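Pasting a structure below so you can have a look.
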């Protein structure tokens, strides 16, 4: 059964130094508030798993939380580079960063296989490209019926899965909607889970019979954080802060400006600032 | 793009003697009206694919449409036997019936693999049981990472997929809701497709952003048949006719009573009777 | 106070008692469905019931006739596709108890629901396995409920549809299966549990008024008895009332 | 009537023209997104646009900054999960046109968006492949849009992120890939199509006012020309208006 917790306690209980952590959300519902708490608690040597590292892992990498990253597209979407990720890979700052790189299709299949309790995923992919030459985890199987050789990747089974969702009900069931990425799979594939939500409601009320709901008993901790995915967004609550994504390019380009921003906006703040962001970007 | 058609024309165009046909719907939304039209057109030598043959295939088998059945549970749910299926398997009446038998998990995975354009599916299944001894299609692969041996089944890629859905919009997009079984997978795995629907609406209107919708360009023909899944049901339109499922046991037990019922209720009727059934079982 | 009850009611009520609030239960149709919903309506209101049609956390007011009646979807927390149900939920290892029945069972609780006679030339063609082969290995443990009889409780199965403890009792471990398999077999006469060593299903409790002779007459092998066999506590007034109530509602609904 | 336009506008408009009403298009961010939506708002109103974030049949009023802006979901026919998008829709073989860009391209339209320099000790670490490796082989055909320049149009790629026609032009067939691969490369100066025999990308059309010298200066290899090279028709008034209009709306929306 999911336990309603405060952010600091949830991260303390579920995220340990050296863990593999998947903080998912495909552009939508990225769990920034949880990421900031991981930074404040100065977690170390994490293996950070995410299809798109996005700003959340750029920040965590720049603050020295990560020793390895598993990813499939590492840029600032529509803007350019994730400079802290680049600085770590190109120059080893603030520490050397090991990378395990996949395609989107392979990562998505690897989460899917993890959720399905399979040891590996099969895909028609990685054909004629160089990634298998530099990532020894990409292997193959032969179809027992047709003889076709298909690519495989190991299932993802993170120690901790963290997502942001729209709302929980009093029983701790959690509802997602909109661009749902591979969040459900990330939760179901992980050993421990934290879900941050915009709000708690008495019941979900009238809804599609096929609404995407994670039952309470699939979740470890629920943390209520209005605005918890800013500068990403929460469908029906507030918009993506595209201007911040654009601004991040300048903030993150140099180590000094990055560190100053993190000090002022993360280290010296707490989870409550997210509600303020959300208010500014709230839907009419 | 989906083409709106009359039932007779749709079956004539898309279902040919000797085809493999998947008419899916897991208890809910079973495409009975389409099945009856296949019987009226006296299609022959079909390979009938369905997780649960249910009454629809019991009727088609008894009327001599099938030469093979691919299935995972062949009974009258909650009632007992599908007598026509049994008579074909046990006594070869009205003709010999080849069977290819799977578990539900394997069939569901085989549709899923078909929809995903993979040649086979992998599952943790068929452990310690006798089905692999009598079904040579069940094979195995070895996980390239852990060495674990897992079961495989070939992907299902039917010639024709036929489902019943709730409604289509004017553009020919189709919406499903409720117990959706493996209908989406069956459509996406099939070479040609027919979807029967309860009604056509101008637009779907307000709905979950993740509503289960098959775009028009994934569908061959759409046929409007109110009540088209009776005695199965359509969520929000009419209820499952459980009393008919119970009555079928007696109707189908003997060849005579079966043939008399089929003559009166299928051969001498047309698609319009389904609307009458639905009216009787309609929701308040 | 004399409370009369049928063997079938005793079976369903005993099965219901084995379920707990914290269970996530994969429910089959028939006696399992009645037992699971009885548990939910009596001592285990928070139990999670899942039907293979995709309905998760369902709370039917009437017992479904089929595994996919609309009632199951109407009262569920959510409904997922069947491929998802078998991949993420069953194979995903999220089910604590799988509830099975069958046409035939052997002393190691292997089940047959496929054929009587030769598979290719069957004497009786049964419905087949459905979800059972994977329920049997992917759930934390398995409860089985079946009425006894010499044609049902057989020395050797003509076909193993789903594995219990295997043909010798050692197969689960040998095949690398980590789940427990059948931990309870609840019949209309008594309750079996696997012996800790041999895994043979062993009688641990006998229903009120039932004799060992009766059991012997309804079992094709000589069943083992535990050192301490107790009498199954009879149905309580509440259990009987709730069960009869839901069965009456069900009958009325399906006859409509 | 003199209509002025930038090379970038010419590129986007030319790319848009290649799209048809009946296409199902897997759209990347940037120039591909602008081209696809321009097509939708001009000559191909029925085109189906799919973004890898899961949005199917989307009709954004403003160009998204990211591949998953809310605008895409709000205006979509439906939105599926990312595993489903890659399994059922892309790998499922349902996409007619995949639209790619990249940091570097070679004469066989292989693309690099991974690294400049050695993979393990990169000079420049680029974002990586994302959806591209599987888009390149699973879509019916591929359109590529990129601005020319000697650092982008290179003799030899340091890393093949997604396959075009392979390093010799014969690899698709050799690897059993049945889709067509890059059939059109639309740049700010000209349009390439693969030679029917060699599969080398060959210039078939030059944008108005552009010279062969200019093209040579912006390509690290000596590009092949088709027997009949035409002049690309200049943007129409409508095309330019619609493009500028959506770009103005987009800029206003993202700056807010």
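First chain written, first letter: the chains are A, B, C and D, and each begins at residue 1.
Quick note on the criterion: contacts are C-beta pairs under 8 Å (C-beta built on N, C-alpha and C of every residue); 3 or more make two chains touch, one makes a residue touch a chain.
These numbers were taken from a predicted model, which means no experiment stands behind them.
J.: Hey, what chains does chain A share as contacts with chain D?
T.: Intersection of chain A and chain D contact lists gives B.
J.: With chain centres taken as the means of their Cα atoms, state the distance from chain A to chain C in Å.
T.: 41
J.: Distance between chain B and chain C based on Cα centroids, please, to the nearest Å.
T.: 28
J.: Residue numbers in chain D touching 2 or more other chains?
T.: If we look for residues of chain D contacting two or more partner chains, we find 73, 79, 87, 91, 138.
J.: Chain B: which residues touch two or more other chains?
T.: 117-118, 123-124, 148, 178, 180, 184-185, 209-212, 235
J.: Answer with line, ring, star, complete or other to describe the graph linking chains that touch.
T.: Contact map by chain: other.
J.: Write out all the pairs of touching chains, ordered by chain label.
T.: Listed in label order, the chain pairs in contact are A-B, A-C, A-D, B-C, B-D.
J.: Could you please specify the touching residues of chain D with respect to chain A in the complex?
T.: Answer in residue numbers: 29-30, 52-55, 64-70, 72-73, 79, 81-83, 85-87, 90-91, 114, 119-120, 122-134, 136-138, 159-163, 166, 171-172, 175-177, 253-256.
J.: In the complex of these two chains, what residues of chain B are touching chain C?
T.: The touching residues are 26-28, 51-52, 71-75, 77-79, 81-82, 85-86, 89-90, 101, 103-105, 108-109, 111-112, 123-131, 134, 148, 178-182, 184-185, 233, 235, 239-240, 242-243, 245-246.
J.: Which bits of chain B are touching chain A when the two form their complex?
T.: Within the complex, chain B contacts chain A at residues 117-120, 122-124, 137, 139-146, 148, 150, 152, 154, 177-178, 180, 207-212, 235.
J.: If we count contacts the way the header does, which residues on chain A are in touch with chain C in the complex?
T.: Touch residues, chain A against chain C: 1, 115-118, 173, 184-185, 188, 209-213, 215, 217-218.
J.: Please name which positions on chain C make contact with chain A in the complex.
T.: Spelled out, the residues of chain C in touch with chain A are 22, 24, 48, 56-57, 73-74, 76-80, 87-88, 91-94, 138.
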